[in-house]
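In the two complexes that follow, subunit A is the common piece, with subunit B as its partner first and subunit C second.
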Partner chain A sequence: MIAGLERIVGREQVLTKEEELRLYEYDGSVETGRPDCVVFPGNKSEVVEIARWSNRNGVPMVGRGAGTGLSGGALAREGGVQVVFSRMNRILAVDYENQRAVVEPGVVNLELSRAVARAGLQYAPDPSSQKSCTIGGNVSENAGGPHTLRYGVTTNHILGLEVVMPDGEMYRIGGAAVDAPGYDLVGLFVGSEGTLGLVVEITAKLTRLPESVKTLLAVFETTDDATETVVALTARGITPAACEMMDGWTIRVVESWIRAGLPTDAGALLLIEVDGPREAAEEQAAAVVETCRAHKAREVRTAKDEREREALWKARKNAFGAVGRVAPDCYVQDGVIPRTRLPETLRRIGEIGKRHGFEVGNIFHAGDGNLHPMLCFDRREPGTFERAMAAASEIIALCVELGGSITGEHGVGMEKDRLMPLLFSETDLELMKRVRSAFNPSGLLNPGKLFPVSKSCGEIRAPAMGRGPSEPIEGARNERVGSDAETRGGTQR
Partner chain B sequence: MSGSEEKLAQSLAAIAGEANTSGDPSATGEYAIHGVTPKAMVRPANAEEIAEILRMCAAEKLGVVARGAGTKIGMGGAAARYDVALVTTRLEKVHGYDPGDLTLSVEAGARMADVGKLLGEHRQFLPLSVPYQKRATIGGTVASGVDSPLRQGYGSARDFLLGAEFVTGDGTRAKSGGRVVKNVAGYDLHKLFIGSLGTLGILTRLNFKTFPVAEASGGFLALFREESGAIDFVRRIAQSPVAPATLEILSPAMAGVLGGQARLDGTELAPVESWLPRSGWAAMAGFGGSEKVLRRFEAELGRMANESGAAGTIALDEGQRAQAEERLREAIPLLLEASPAATIVRASVLPSRIGEIFAAGRRSGEKHGIPAAILARGVGVVYVAFLPGTSDGTIFEGLAAAASEVVQAAEAAQGFGWIPWCPDGLKNLATIWGSGRPDAALMRRVKQAFDSGGILSPGRFFGGI
Partner chain C sequence: MATEVQQTMAVKAGETELADYRDFARCVHCGLCLNHCPTYRLWGREADSPRGRIRQMFLVDSGEMAMDATFVTHIDRCLDCRACETACPSGVEYGKLVELARGRIEREYRRTGMARLGREIFYRRLLPYPKRMAALGGLMRLAQRSGMQKLAQSTGLLKLMGLETRAELLPEIDRKFFSTETTRTFPARGVRRARVAFFAGCVARMTFSALNDATIRVLQANGCEVVVPEGQWCCGALAVHAGYRDVARELARRNLDVFFAGGDGFDAIVTNAAGCGSTMKEYGLLFGPESEDHERAKGFEDKLRDVTEFLDELGLTAPMQRVPLRATYQDSCHLLHGQKVREAPRRLIQAVKGVELVEMELSDQCCGSAGVYNVTQTETAMALLRKKMECVNATAAQVILTANPGCLLQLRAGAKLAGDGQEVLHVVELLDRAIEQERA
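Up next is the complex of A and B:
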């Protein structure tokens, strides 16, 4: 059967050896799922052929970008073929005047922003993993990032897609112009976690880089003061471009590795960025400083130059990696709450952690109430793994109790399928399944994701084995990404 | 009332009560769409009643058309079956408004005006500045997919609708999304409802992100002799740090229609004759911010208007901007009133190609001898309204041809075009949905998943769905 795949993409673009496959059984999550083979299509028609092959042979198929996903979305839960998009990494066209880009799914998020920066443009959604994650993966997860507070998440920036359905049919949905008539299929596909079709081309909006950016670091004695500040900013109608929070524990861990000059004796800090026309950014910065001070900020620093600014963001964006150095295992959660409940929620998360014997670290998108509590543990100690999972489940249940969600950006995947009933009734899920079946009738595309496989609810799936902090596996990620730099540069208009 | 109508009204009354049901032609007449009167009208009180009604209708294969205040019910095709008018206006409760979190959860029949008032008390708003603001319901606004001048700065409903509850064609209550500003759990089914014209389900509750009202607001108008100047001005704005909340271009005829004396739903609109010029092409921007930001924007816009060769410019104060926005918001009803057979094409193209739609609108108007008025939004949405002086059937052929030509021009410009508003007699003549799309097959599958019995507004939607 594998010979069929090799005929489509060439022998060297198919992996079947045990030791090669092992690299692809992980993503950024604590889950695993080993594919029976991995293929690297080079273009759309190869993807079409692969889908036909999978359909003909009844073999499950799952798409994969960079494998940085944090919910096991790209893992081959039921085996089969993993379709890795790392070779389809060309920026196909940039329309500077209309602020649009057409890209292949394997383009790395940051590469697109870099490619258009000269023209004063950016691709706004900026997940912290943007140096490695792909736009195809972003589309599938509806990824967010620090600056999505102001600029919106992935779905707000995607206008058109070309998708290959599990039976090999290819469709263009949406388009370069706004308001394609008919149902908003693009809105449905973005965030569908690779369960409806394989995305082979993306038309995205580009956004003007702001005229002025101010990055502020507000230092607080307690987490309460920091969270109260976020509540006050929101209530005052101040929408910074980004508003990220780091608690004391995380500050110390991060600083010990990254050395960005963070105050290691602080209780919490807020990394706030305001941007826009010069006057607006200045006024917003002043309002932010005033609000921070009114809520007992010990110090509010403004980054003096681009270098300082970059150092602060580096600390933020590499925090998960830093945490990985201090604990053998780390489980990053992703929940959302109404922003008004931030102070109380963080306190209760701390209590939940304590009760299960953990110190919980917090580094998250505070401005939109998107929490990322981290549970660090050593699974070699008997029972700790189970306790970590139990604590995580309680935290997510708390988010739901407060009117929030089980995931703000990392997705459901195979991590939270069992938590879906906390938010959705059986009839809600039935309808969603019907929609999945409308596109993926055989269920061969990305099986075992999103929907609870068994009826037991409220528990996070305990994976068979797990891995440390949420960094992608090096070998798997880098093997084929970024080999096509010249083509990329050369195809821009 | 015939026997079957009486029986239907009785069954509906058993669910929603006598007072909220009618099968009497004298009462159902006002719910006629494109000349077809439904057998019965029902005004359920809540989602549970809607579910019961739909279960009954599904069992009996009755066509159901949902409506709020009915202000946009003329959009879309004629229903293939229209037995029951389901009116949502009794679902008007606000379930949760959390000003501190900037989120709102409201029933589908709530009126836009009431929601606006509520949010206004907290100096917040929903950027859906849609026509018939006084009467329109929030569910009808979302389901009809009408757009708003504020989309330039705030995006369209798909950008701030956080979740929804609805009843599908088999009478199942379901929901998607949630109430928090960030959420990726499950499919975003609620997005499918935007502009779906009641063909997927009946919205019962909607959750939105709300926005703070800017500290101050102002506007700017630049007048050009030629449309090319206005287009150039808008292009420059897109490349500048100026971030307007609204941005449109009005053809002279459009300014004529929008700028006159106008009454709507019994209220006089604030007069704009004193400052809105009616000759030349007007480009108008509205924006918010501090006084300092407003002054900066005015200066930048003045400079860019100059570079684009403006014949004149006016800085609009807060009051004038509000008046302008009211006119822009109510453009559709004002156009529909301006002609007995008004036919409005909605085209969307890349912003750099709006000139092609302007040209097509003008060309077709001249060719078929019908006055055309044009309104373009900065994001690339262009409304071309053909406004014949008569509704005499003899003009229909020319009117249909003119509208279809503009739709084709939009498609030729790699955009989209369709005809949301036209006289009933034109619905079959003109290709109101354009020439079809490659993904129509996928849309049918979506419809099938939500309404396998095909009872919800059958035939009213895109491609005859």
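Up next is the complex of A and C:
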């Protein structure tokens, strides 16, 4: 059977040995799923042939970019063939005048921005994993990032797609122009977590680099002051390009490693970025400063130059890695709440932590209410793991209770599938399943994702790099911290 | 001449140096390293990425995977450039892990005939012995000067042997080697601001003696008394990278003896080779806390400075003339990723008036030199070099500056094979030129 695949792509481009397959059973999440073979197509027609082969042989198929996802979206949960797009990594065309680019799915997010930077353009979605993650993966997961607040998530930047269906038919959806007529199939595909089709070509929108960027650091004595400031900014109609919050505990951890000049005695800080034409940016920055001051900011600093700006963002984007050094185990969750309820939520999260004996660290996209509470502990201490998981469950339940969601950007994948009923009724889920069936009737494409697997006993397993005990987790994301690669599940359509 | 390194290089019975579980556990397989890895960028395969290699090393160490040819191939293909360490948010010490894995491969894996023989001869029978290396150098010099190499090249003999590109990569042997037979002291020019010991290298003293001389002149001109202690030899970096950790330890111990002899303190031990510096700053890994040499090794680490780092800390005081040229800087991996020194060489370059420094794209990516990688994995090294030269050519620089002899060799080959005939200099050679002109 494998010979059929080898005929399509060549022997060199098919992996079947166990030791090779074990390198594709993980991604950036804590999930695992080992494929039965891995194939590296070099072009669209090979993908078409692979899909036909999979369909003919009744073999499950799942796409993979760089494998930086945080919910197991690209893992072969039910085995089968994993289609890895790392060879399809060319930027096919850039239309500078009309600000769009045509790329293969394996193009790395940051490389597209780099390639067009000289023309004063960028590809706006900037997940923290942008230096590794691929645009194909971003499309499947509808990736976001800190600058989502102003620029929107991936779906706001995709004009057209070429997709290969599970039966091997290839279609073009959307187009080169904004708002193609007919059903918004691009909107449907972006964020479908690889369950509807394999994306083989992407027409993406390019955005002008702002004339001026101002990065501000506002320092507060308490988290309440910081969260109140975020609420006030929203109320005043100020939309910064990014608005990130870090609490005092996290500041101290991050600063001890990254040394970006953060105030270690502060209760919380906000990293706020405004951009646009010079005057507009300055005006906005002034309004932000005023709002921060009005909410008891003890200091508001503006980054003097690009170097200082980079240092601040480095502190932000590498924060989870730094936190990972504090304790052998650290669980980061990904929940969403309406941003107006930030002060109350953080207080209650703190209480939940305390009740279970943890200090909860918080660093997150405050501007859009996307929380990442972190619980650090050492699982070798008896009972700690269970307590951490119990606290995590309560926090996720709290997010839903407050009118939020079980995931902000990491996706559902095979990690939170069984949490979907917290948000959707059975009939709601049934409609989604009908959509999936319309495109993926056999269910061979990326099986076991998004929807609760009926036979599941409600356990998420957490093997650390394929070793150590697998523990069951109740109701929460279990992430051995490392990246905060953002893959947004469509919170900002 | 001090005695040859004693012949105690045999593998110690029962030596089992393995990575700690916690070192692996730091990797959370987030994948942020992938696109910083030169081999992943070339082939897009997890097995040839830092994350995938860590996974393979772990599986082998935990007994879940066999130490077979496939594993060895992927570990051999690693440049040990450590760009992944710079990219890693969790602080995984990849260099340490891969070096330990290579140590285990050398202890337990039987390579095939010629590869095994060649490695054994070079690492065990030649590298540790200054006299043998000098004799080898002499032979190579003879071959180069007598035109044998040219003859071999022109008749296509080298091509036939698949050595054509390698010949370009081999260093030209100096007429006169840089001497460390007796301790030499070079006085500071003007007021003495520091007293430093100079580390001269092994292969470098036969092929880069001019660079060594220039380094000493620049140090002197900036108020340093420079001592070249006798009896010093290879730092052990090549051996560490190849997995010959016992050989490396013996070499390192010898340097500990030489540089700490007499107990007279130096302000710093200075090297102009980033690759050597990186290993010497990690002597503590060769002599763990249980070793009687641990304290000395840590003391050595503390004193060791790359020459660019040292001059930058000290501050340039020598008068320098304008050197009008357009230059680009290639980060030496073991300076940037190994020692985390990025700005110092750039500041020194910009201290020379008239130099226009144009940054190339991806200057933090390996040029393919990587110690002896360009000889052992020539095809890959050349593919990386071609990519490097595209970035270099795009800057329209006349001069490529870097901070390590290996990189100099590789980039010189690059300038010849795929460049615009750029001149390739070590950063201190640029400083030397500026200073020399002032004096002239």
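Methods note: the second predicted complex is superposed on the first by the 443 of 493 C-alpha atoms of A that agree within 3 Å, B and C clash if a C-alpha of one lies under 4 Å from a C-alpha of the other, contacts with A are read in each partner's own complex, and residues count from 1 in each chain.
Here is the rule we use: a residue touches a chain if its C-beta (ideal position, glycine included) is under 8 Å from a C-beta of that chain, and two chains touch if they have at least 3 such contacts.
Owing to the predicted nature of the structure, the values given are computational and were not obtained by experimental measurement.
In the superposition on chain A, A:370 contacts subunit B only, with no contact to subunit C.
Shared-chain residue A:89: touches subunit C; no touch with subunit B. Once the two complexes are laid over each other on the shared chain, residue contacts for A:19 go to subunit C alone; subunit B is not touched.
Once chain A of one complex is fitted onto chain A of the other, the partner contacts of A:256 are absent, as it touches neither subunit B nor subunit C. When both complexes are overlaid on chain A, the residue A:235 reaches subunit B alone and has no touch with subunit C.
In the superposition on chain A, contact of A:277 is made with subunit B only, not with subunit C. Number of subunit A residues touched is higher for B, counting subunit B against subunit C.
In the superposition on chain A, no contact is made by A:43 with either subunit B or subunit C. In the superposition on chain A, A:177 makes contact with subunit B only, while subunit C stays out of contact range.
Residues 95, 97-100, 120, 141-142, 144, 148, 152-153, 155-156, 171-173, 175-185, 187-188, 190-192, 208, 210-211, 231, 234-235, 237, 239, 276-280, 283, 336-340, 365, 368-370, 403-412, 416, 420, 423-425, 427-432, 434-439, 450 of subunit A are the ones that touch subunit B when the two sit in their complex.
In the complex of the two chains, the subunit C residues touching subunit A come out as 22, 24-36, 44-47, 52, 54-56, 58-59, 62, 64-66, 68, 70-71, 87-91, 361.
Only residues 98-103, 123-124, 145, 147, 155-156, 158-159, 168, 172-176, 178-189, 191-192, 194-196, 200, 212-213, 235, 238-239, 241-243, 289-290, 292-293, 296-297, 346, 348-352, 379-381, 414-416, 418, 433-434, 437-443, 445-450, 461-463 of subunit B touch subunit A when the two sit together in their complex. Per the touch definition, subunit A reaches subunit C in the complex via residues 17, 19-20, 22-24, 26-28, 40, 66-68, 84, 86-87, 89, 106, 108, 110-111, 114, 129, 131-133, 257, 317-318, 320-322, 324-325, 328, 464-468, 480-483, 485.
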